[in-house]
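This is the structure, below, for whatever I ask next.
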Amino acid sequence: MKNKYMNPYLAGTLLGLVLLSAMYIAGRGLGASGGLKYCVVSVVGALDKPHAERSTYYSKYFEGGQKPLTNWLTLEIFGVLAGGFISGAVSKRLTFKIEKSPKISNTRRLTLAFIGGMFFVYGAQLARGCTSGAALSGMAVLSVAGFVTMMAIFGSAYLFAWFFRKNWI
Amino acid sequence: MGPFTSISGFPAWLDLLIAFIIGTGFGFALEQAGFSSSRKLVGMFYGYDTTVIKVFFTASIVALVGSQFLSYFGLLNLNLVFVNEYYVTAAIVGGVIMGAGFIMGGFCPGTGVSALSIGKIDALFYVLGGLTGAFLFAETYPLIQHLADNAYRGPVKINEVLGLTPGLFTLLLIAAAVIMFWLAELAEKKFARPDITNQI
Amino acid sequence: MNTRQKISVILLLLGLILAFLPLSGNYSFHGKPDKLLTEALYENTYFTADQVARFAITEDSTIQLIDLRSPEEFRSFSIPGAINIPYGEMLSKDLESFLNRENIRNIFYSNSDYNANYAFVIAKGLGFENNYVMKGGLNEWYRVVMNSEFSGDKITARENAIFETRTRARRLFTEMNSMPDSLKAKYRESKEIERKKLDGGCE
Amino acid sequence: MNTLEKYTSVIAIVLVVVILVLVRTLVSGHFRNDAGKWTGPSINQSNLITPEGLNKLPGKSLIVDLSDKGNLLRKYNGSINIPAKSLLDKTNQKMLQTYKGNILLVSEDPALSARLWMLLSQMGYTNLFILSDSSNNEVFKYKFRPDTLTRPEL
C-alpha cells in the first residue's frame, strides 16, 4: 500500500508543468475558488435576476450580457472534475466514502467539512485567490501577494491545527 | 510566442476549451498526488504526511523556473502573464480565514473538487460549503468592501521588493525549498503514523 | 539516489543557471527580428494628420492617441483625447494597461517622426498589436490641420470634406487647449478610455 | 560507473538546458534582453547626427542608404545602399556586424530610419546612428496660441 499515489516530487513536477502551460498558453495561473464563485453567481442570476442586478457584487458579472457559466474559471473547475475522475479511474480509487478519523462521527466530519468549505471560499474571495489561484500561481510569478497568502494560509492552519487534532488523528 | 490567448486573441470557444483541458490536467495532477484525501492533506499540519509541502513547492518552482527559461529563449512574454495584485489586509485576513477552513474541512477548493470527482462524500459537503461561502461573501460584500480594498499595492513582485534579479531570487527559493523537503522527510519519520498513512 | 535528491539537484542546478542569466524582469523584445522588420515596413501602420483629425472630432472610441512628449509639453497642449506617456519613461510604465487592449488602436505621436517610430517598434517588439504612428508628428499636424487654408476658387466635394474636418479639428484643438489647467485635466479624465487589466487569478 | 548511472536523468535534463542556454546566448541574430538598456541613445538623442556633426564623430564611419534604389548614394560620398527590406539578410548582417566604426542610417523618410535604428539597436548594435538633417528633429516648430474666449462643453 506504500506506493498508492504518485511520488510527490513527480506529481509536483506534473502539476508545475500544468501550471506552466496555463501561463504559456493563457497567460494566467490556475484557480479553483473562482470557479465555485461563478457557479454561485449564475445560480443567483437564474433564481433572482433583479437582486443580482441590484447588488454591487453580482452586477459586475452580468455586465454587457456576460454569462458566468461560460467563463475561464468555471470551465477550468469542470475540467478539474473530469481530470480527477480520470485519475481516479486509472488508479482505481473510485469509491463512495467518508474519510475521517475513527474517533469522530460521520455527522461531525460532514458538518466540519461544510463549515471548512464555507470558511475557505469566503477567505479566498477576500484574498482574491485560494491555495491554487493566489498561493501556487502567485508564487510561480513571484508575486508578493502569493507569498503572503501562502504564509497566512499555512501559518494559521498550523495555529488552528492543535484545536482540531482529534478530528484527524 | 506566448501567452497565446492574450496576444493572438483566440475565439471564445477555443479559450474555454483550453480552460477545460488545463483544468483536466490540474485535476489529474491533484488526484495523482493524493490530494483527494483529506487526511493526507492535513497530515502536513501534524507531521505524519508532508506531501502537500513537497507537491506545492515543487509545482510552483517548476513553473517559475520553466517560465523564466521560456522567457529567456524568447518564447514567453512574462510581462503579459498575470501577476496577482497585492491587497495587504485582504491577503492576510483572507489567508488566515482560509487556514482555519483548511484545518476544519481538510481540503482547499481545488483539491475538494478533485476529491469530489472520485466519490468522497466529505468532499461533496466541503464543496457545498464552499458554494455557501461564496454566496455569503457576495451577500456580505458591502460590509467588507473596505477591508477587501484596503492597502492596495498593485501587482508587485517579490524580487523587486527585495532588490534581487528574478534568477537570483529563484535560486534562493529553490535552496529554501530543498531544505524544507529534507526537513519534511525527517518529520515524516519522526511523526510517522502508519495507522493513518496505511488507510489513506 | 531517491527522487527527492534528484529533483533537488536538478532544481538547484537550473536555479544556478538562472541566477547567472541576465534576467532583469524588465521588458525585452521577443520574436524574430525578420518578422519585426517586415512589420516595421508596413505602410498601413501610419495615419496621416488628416485621419487623426477625423478620429479626434468624431471621438472615435476605438482609437487611443498616445502623446510621447514631456509632461510639460503635454500640459501646455495636446491633441484632444490623447494620454501622455513620455517616451523616456515608456519602458518603466505598466504598458499592458495602455497597449494591450482589444479593439483599440494606439496611435503614437511626438513632435516629429523619431520618438513615435521608436515607440512603435518598441511596442511591436514587446508583442503589442494594433499600434500606429501619426506620420510627421505634431509639426505635421500643425502644418496640415492648424495652418492650412483653402486657396483657389474651385473646390471638389472631397476637398470640401477634408477642409471641413480640419476646421472642426482646429476649433476643438484650440478650445480644448485654451482651457485652464484644472479644466483641461478634467476634460482629459472624462475622455480617457478605461484601461484593460490582464486576466487571471481567482476573481 | 554505478554512481554515474544513478545521475543519468539529472545530467540529461541539466545538459539539455545548458546547451539551449548556450545556443541562445551565443548565436546572434535575435534580440537582446532588457529593451530599456538599448534605447538609451534614442532618449537623449545622442543617436541623431547631422551632416555637420559627421566629421566630429571619432573613428571611421559607414553611411547606409536605406532607400530601395540608392537614391541618396550620390549625396553622401562613400555610402552604400542596403534597401530596408534586405537589411537583415545574412550577408548584410555579417558585413554590418563586423564593421569596426560608426554605422549611420540614412533615409528620405525619418520614420523609416527611426524604426530600423530601434530594431538594430535591440539586436545589440551600439555603434549605430541616424544621419538626419536638422529640418526634422524632436523640436516643435510652431507656437500654440491659446484662445481663451471659447469653452467647449465637458
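The first chain written gets the first letter, and so on, giving A, B, C and D; residue counts start at 1 in each chain.
To be clear about the criterion, a contact is a pair of C-beta atoms (placed from the backbone, for glycine too) under 8 Å apart; a residue touches a chain by one contact, two chains touch by 3 or more.
Please read all numbers here as calculations on a predicted model, not as lab measurements.
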Looking across all chain pairs, point out the one with the most C-beta pairs in contact. A-B
Here the gap between chain B and chain C, centre to centre from mean Cα coordinates and rounded to Å, is 37
Euclidean distance of C-alpha centroids - chain C vs chain D, Å: 20
Centre distance in Å when chain A and chain B are each reduced to the mean of their C-alpha atoms: 8
Averaging only over C-alpha atoms, locate the centres of chain A and chain D and give their separation in whole Å. 48
For chain B, residues contacting two or more additional chains: 6, 54, 58, 61-62, 69, 72, 74-75, 78, 80-85, 157, 159, 166, 170, 181
In chain D, residues with contacts to at least two other chains: 17, 21, 30-31, 33
Expected list for chain A, residues touching two or more other chains, is 9, 12-13, 27-29, 32-33, 37, 72-73, 124, 128-130, 132-134, 137
Each pair of chains that touches is included here, namely A-B, A-C, B-C, B-D, C-D
Going by the contact rule set out above, which residues of chain D touch chain C in the complex? 6-7, 9-10, 13-14, 17-18, 21, 29-37, 39, 42-43, 45, 48, 84-85, 87-88, 109-112, 114-119, 122-123, 130, 132, 136-142, 144-148, 150-152, 154
Complex contacts: residues of chain C adjacent to chain A: 3-4, 6-7, 198-203
In the complex, go through chain A and note every residue touching chain B. 1, 4-6, 8-9, 11-30, 32-33, 35-37, 39-41, 44, 55-58, 70, 72-73, 75-88, 91, 93-101, 109-161, 163-165, 167-169
Per the touch rule above, chain D residues touching chain B in the complex are 17, 20-21, 24, 30-31, 33
Under the touch definition given earlier, write down the residues of chain C that touch chain D in their complex. 1, 6, 9-10, 13-14, 17, 21-24, 26-34, 36-38, 40-41, 46, 73, 76-77, 87-88, 91-92, 110-118, 120-122, 125-126, 133, 135, 138-139, 142-143, 146-147, 172, 174-179, 183, 186-187, 190
